[in-house]
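Report on the structure given below.
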Amino acid sequence: MRRVGVFVCWCGSNIAGTVDIEQVKAAAAKMPNVAYVEDNKYTCSEPGQAAIQKAIKEQKLDRVVVAACSPRMHENTFRRTVGGAGLNPYLLEIANIREHCSWVHPDKVAGTRKAVDLVRRAVYKVAKNVPLQRASIDVTKRALIIGGGIAGIQAALDIADAGQPVVVVEKTPSIGGHMAQLDKTFPTLDCSACILTPKMVDAAQNQNITLMTWSEVEKVDGYIGNFTVTIRKKARHVDTTKCTGCGICWSKCPAKVSSEFDLGIGKRKAIYVPFPQAIPNKPVIDEKNCIFFKTGKCKACQMFCPTGSISFDQKDELVEEKFGAIIVATGYEQWDPSPYGEYGYGRYKDVITGLEFERLVNASGPTEGKIKRPSDGKLPKDVVIIQCVGSRDEAKGIPYCSKTCCMYSAKHAILLEEKIHAHSYVFYMDVRTPGKGYEEFYKRATEEHHATYIRGRVSRVYQKGDKLVCLGEDTLLGKKVEVEADLVILASAMVHQNGASKLAQTLGISYDQNEFYTEAHAKLRPVETNTAGIFLAGACQGPKDIPETVAQAGAAASKVISLLSKPKLETEPLVAQVNEAICSGCLWCKPICPYKAIDGKVVKERIAGGKTIERPVAAVNASLCQGCGACTVACRTGAMNVLGFTNEHILAEVDALCL
Amino acid sequence: MSVNEKAAPAAGPATNPTTATPAPEGWEPKIIGFACNWCTYAGADLAGTSRIQYPPNIRVIRVPCSGRINPQFVVRAFQRGADGVLVAGCHPGDCHYSTGNYFARRRYLLAKRFIEYLGVEPERLQVRWISGSEGQKFADTVRELTEKLRALGPQRRLRETL
Amino acid sequence: MSATFTDHQAALRDEVKKLLTDGSIKGFIGYARGRDSYHPVPAIVTRPDQVDGLILDQFSIFGLTKYLLDYIFEDGKMGIVVKGCDALGLGRLINDHRVDRNKVHVVGLPCAGVLNGEKVAKLGLGKVQRVTDKGSAFLVEGDKGSKELPKTEYLWDKCLWCENHNPAGADTLLGSEVENVAMKPRDFSDITALEKMPSAERAAFWTRQFSRCIRCYACRNVCPACNCRECVFDIADPRWVGNTVKLSEQQMFHFTRAFHVAGRCVDCGECERVCPMEIPLMKLQRKLQKDVIELFGNPKPFVPSEVEVLGQFRVTEDPEEFM
Amino acid sequence: MKYAYYPGCSLHSTATEYDATTRTVCQTLGVELEEIPDWNCCGATSAHATNHLLSLALPARDLAKAEQMGLDVVAPCAACYNRMAQTIHETKDNEVLRGRVSAVIGADYEGTAKAKSLLEVLAADVGPKVVEAKVQKPLKGLRVAAYYGCLLVRPPAVTGWDDAENPQSMDKLMTALGAETVDWSHKTECCGASLTVSRTDIVLKLTRDILDAAKAAGADALVCACPMCQANLDGRQGAVEKTYKTNYHLPVFYFTQLMSLAFGIEPYKLGFARHSIDPRELLHTKEIA
Amino acid sequence: MEMEVLNLTAVGPAGPAFAAQVGAEAGTNAFSCYQCGKCSAGCPLSYAMDYQPRQIMRLVQLGLKDEALKSSTIWLCASCATCTTRCPREVQIAAVMDTLRAMARREGYPYKERSVAAFHRAFLNGVASGGRAYELGMILGYKLSTFEMFKDIDLGLTWLRQGKLKLLPERIKGSASVRDIFEKVRKLEQEEVARQREGRPAAHEGMEGHS
């Protein structure tokens, strides 16, 4: 006979509010194997856990059921509690009577009846639990960071500082990310390049950091501590060991192409570095626009290259590397405002996005910092800045607030006034300045730089002569207003990186409906994912500004450092297990396993008549198996089971719930 | 009817499960839910944290992956008296174990048709992909299934008569 | 007019005698005379002198491959005679790693269709003297009379749409291959008829069938796809299916067995033929075959393949109904 | 290609030239029109300003007739087209509402018939290439501002066949005829429609904005696809010039008039005499007619 | 609008009830509007309105029925749907204006823009009698009810000369069935107004259902 202890939690009023704790206790007492029942206001609290440990010892309990919140919340907490009392931590089951019951069923009678059923399920299941031990596996002491923006660079520097090797994979030819495109940064207006380039140079010179630019992650196998990642190093057509970055090749290259880094405002050559301070300062050849690749002629770059580093027949290279941990820092994209037909983006040249303005005002940008209108190059006198373009718009854009536009629009207003004494009209709905020094920055924009803030969304922008007429309503006055602007800047929304969901599927991490990656817990574990060993930093997890991004990068780096500094890693024991006595050796489980953890092996056996025979059976490599259980269903005879979720367990749970 | 099929009188138990006797007073359909830990169970938790109300007719069993849900568990649930079963997991491509739900999809494309073929009303077994951020969808699925089952009445086709 | 089974009887006996005497096989699994000339029975001979007991007649429908399971741990080879459908059954056992191909000597028997012994016996033709193949019919001459039996009426259903008349990969072949053409296209009309029934009516139909099941497990014992070392129905813990004779246990048994064989059945029809209570079990398997063909674009699920139907998937082509 | 033709009240009174040229253009392009027998007024703005059910019932009676004919409806007038599209849109997934409308009109309205504006049929279904092939006298040198008005393309959820902010279908048709179109800012700005009777001052102001924009864009004339807009832009142009001391002298064509002209139909048949701003003078100077 | 103080609590439960009823009839949720002003900015008529369209939505949200139904805005709205097309919260503002106009008329509110209401009445009278619009009759009817005898005489004459105005109305064969439509709708409306006065909920579509 088992001696099961059932601990029903009040969770303050979260459970007790709509579940009758006494009735649940009374019902639990009558369930098979239940020897002890107790309730507690806050079972997860220190006294709550102490009460469990006391009961285990005094009542000689050999199994524990905690009826409280979701196992995804506190299963580990209560495993440590039970372990602390000398009982194997896996002789524990959780009944989720909060998220799956009290919080969603207001009717107390039905809620209580369901809570009793959920407790009975846990009691029937725990009776079938067996003690399990955690196995330990070794850790590859090496980290991978996907994305070379400020998040990736900061995380790489922190990890390298802790003496652990790290590889940064960056899709574009240079690290730096979107921050490299910015001119000044709020709220201190210090120049983006001045604070970013030193970090980029540190990253390049740090022995522990390997930069793999112009490369992408192709495939990820394995699991925490033992990831095997295939990286595609795209053909650069430049031998980086020989190239000195002297720049003769791109000065001689005849092919002129619109520069992605300058968002089409500036041009670049077919062989190019995206921006002057690029790290590594080694060019790549853009096969789509290179005259040689198109027509087989030209080869100017090769002719003029003093170090002979150009090689046209270089091919993509697939490299396989082993890592213990991965940080995803792939950043964001600016939303393309073309769905706003009424703002004429793409139709009127002088309607530009915030990032495009950053390139205009940037001293190392295509216009050397002169804010020249794209249409006729004149300096704008009146500038309209439209907030929330795409953001907070379920109809044509995205439902959420992009968090950074209010601040960078205030910055643009200040820069416009400071540099060319232009007058900014900022059409806003709310000016959100939540950070330190942010409200003061907004005050400067209005008081010192005389930006006119008009509360109301612009309905339409149209060309009239060489002016752009913006129709709005000053909702504070209740009057229609019109501004004839020389330049219109759209504070366009911050959205997910292109192909974010594809990378998530490659990594096996989840993402939300806006293709931002889902953190393990919104408040308590913001930089971890539900996939052990994979961490998040920066805008790929949701819109955020540079201070927050750098903070997250540090946090993710510290998680990786603590993971990689462990000598061994303890793995979950909830893996597949074969009952060799009844296994027929058909091996139909083998093709199911995504981790290739199952293989055949031969066992020797004496059979009737004294003869020893050899027969094939399935064998599970416990360190590769992640416990998904897909193989168990292919096993007709039930020889293959998953510890913690065995056939016996689930059949018992079904029976318990159907009583 | 093929030559092998005999119309011999039923030698089994007295009550013929297909005669639709009306549901007892105050009857509430019972739904057994199998939910994968990484997506649907998390979605159900999200419905909880967002206080989305839905009928209390479902009891959820947590499994590591939808690939773990053996169709025999579903028939067992019907046998033990469940009126409806929900099998739910991650959207294809989102599986934490990368391929678990692809196998589940194949198994349940076949099993759902086969269970209906054996005479269980189609609405009783619902298979749905519900992600960790679709708390509302989880609640709606439970509500829809409960209403359909109320209309259908108790499940008697596979139920064990003691 | 292809040869009938009996024409190969002598050749079979010589082959078996040779194999037994030169020791290349330890025993041979074939057919012997049963209670009358319409019901042959399986026979296992181990000595040359017993070989004359082996017969081949147009009623030898029995699938013999499952007997091989008794010899997998014996050393030395076993011989067996296989028709086209039996060869698929043998393929199933081999793919399931239950039988080692190198420990079997396969004698292939080209087959133009097997007569349904129960039906022919009712015609009262007495002891059968000779059977000749007239193309669209078999002429059966018995001591009490003779009759031309149209194949479409007197062969087993599965023989009509069989596209596997010649056993592939046999070590020795009796006579020469017959024309491998199906007499009529594979017919799922009875399945679609059942599918179209309202669910209450279909439930009643299956209740009538399953309530007759006496759980004798003959269907499991004869099925080449049901080859587990320890069958899940014989395991006490966990008790997947109770062994009381109760309708819900029978429903669970038939669902479980059918689903275990889903995508693996070789369409040999033995389960239905051997069922003492005459439950139309092939209506279960052919429904699964029909769905596998429609859903997964696998035209011949009954031919054993490298990977099981349910052991693989297609990311985009597999139908998506669960969004 | 066959449609149930719904001319609407204006095409039988103030805009008969639009009706006539519609028929000739469709005939030339092989679009068969069968007028809905005994059609009734769609209620225009007044119905939906008075009672919602009335605004659905009036178009529904015509749609029900089209369903009997087994044809989709084509309506040259933007307002009629919009009212029908709105009725179809609202009753599409709402059997209860469709039942109530059928009860009120005393006939069976199933919501199966679709409604298209004439411009959509000619620009999308027929298409500029087929139109270009039929052109005998290209409108060389004629610079027009294509004016769509509001109801043709708005709201996109109900109409949805051309861009609600910068529609191009009429522009493409005009270029197919050999004319030149201008890119201008007031393509879809409302002209005030039925307020022309009750608040003429408003219509004068709105039409002035439109005429200003067209003139600023260097157009010789406006071309539109709605009798209401034509009446305001053409009929009220004199009053606008007087009130605001401006000078436009911009003729306002129906796009079917220009198509007929380009197809070689004699100008006198095109009802130019019924325009307030006589277009014939412009056509002479451009040696088109 | 004078600057008197609006006591919002004094509006009581009738406020949210009004907002809910407008939402139901217009088939939209008045509370989704976050007062961004994009509708007023793009409205071609808002320059002539006493309340901006956004402010009308604000009055509906706060349940200030009288101010909303006495405004000129609901009559000057030419239902060009620019607002509905561009609303970031997908609020059907044009449908709300329709609903408020119909509500003002059936509950006997004084019209701020009498001439617009008069025009609609005159237009519909023509349609009800002959099944099709009758411009000349409509203009005469309009002039009688607004006493604007000499307005647009010149335009009227030129249109008559150009044959743009038919002297006699086009009566359709089925004009009886069109009259029947008007009759049924009026009866349904009266039943609904009576029901609302007794506080019973709106029974049928007549009063709501823009889908």
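Read from first to last, the chains carry the letters A, B, C, D and E; within each, the first residue is number 1.
By our rule, a contact is a pair of C-beta atoms (placed from the backbone, for glycine too) under 8 Å apart; a residue touches a chain by one contact, two chains touch by 3 or more.
Worth saying up front: this structure is predicted, and the values here are computed from it rather than measured.
Q: Would you kindly count the fewest steps from subunit B to subunit D, each step being a jump to a chain that touches the current one?
A: 2
Q: Any chance you could name the chains that touch subunit B and subunit E both?
A: A
Q: Quick check: more C-beta contact pairs at A-C or at D-E?
A: Pair with the higher count of C-beta contacts: D-E.
Q: Report the chain whose CA-based centre is farthest from the CA-based centre of subunit D.
A: Following the centroid criterion, the farthest chain would be C.
Q: Would you identify the chain whose Cα-based centre sits farthest away from the centre of subunit A?
A: So the chain farthest away from subunit A turns out to be C.
Q: Counting in whole Å, what is the centre-to-centre distance of subunit D and subunit E, each centre being its mean C-alpha position?
A: Comparing mean C-alpha positions, subunit E is 24 Å from subunit D.
Q: Using mean CA coordinates as chain centres, what's the subunit A-subunit E distance in Å?
A: 51
Q: How far is the middle of subunit B from the middle of subunit C, if each middle is the mean of its Cα atoms, in Å?
A: One centre to the other, that is 35 Å.
Q: If I count partner chains per residue in subunit D, which residues reach a count of at least 2?
A: 164
Q: Identify all positions of subunit B at which a residue touches two or more other chains, and write them in rising order.
A: Correct list: 71, 76, 93, 99, 103, 107.
Q: What residues in subunit C touch two or more of the other chains?
A: 240, 310, 312
Q: Can you work out from the touch definition every pair of chains that touches here?
A: A-B, A-C, A-D, A-E, B-C, D-E
Q: What residues on subunit A touch subunit C, complex-wise?
A: 581-588, 591-592, 600, 607, 611, 613, 615-616, 634, 636-639, 647-648, 651
Q: For subunit E, which residues count as touching subunit D in their complex?
A: Those in contact with subunit D are residues 25, 27, 44-45, 47-48, 76, 78-82, 84-85, 94, 98-99, 101-102, 105-106, 113, 115-116, 118-121, 123-124, 127, 131-133, 135, 139, 142, 146, 151-152, 155, 158-159, 162-166, 170, 172-175, 177-178, 180-182, 184-185, 188-189, 204-206, 208-211.
Q: Can you check the complex and tell me which residues of subunit D touch subunit A?
A: For subunit D paired with subunit A, touching residues are 163-166, 185-186, 213, 216.
Q: Okay, in this complex, where on subunit A does subunit E touch?
A: So the residues of subunit A touching subunit E come out as 342, 388, 392-397, 429, 455-460, 471-475, 478-481.
Q: Spell out the part of subunit D that touches subunit E in their complex, as residue ranges.
A: Per the stated touch rule, the residues are 9-10, 12-14, 16, 38-41, 43-55, 57-58, 61, 89-94, 96-97, 100, 103-106, 150-151, 154-156, 164, 188-190, 192-195, 197-200, 202, 205-206, 235-236, 239, 273-274, 276.
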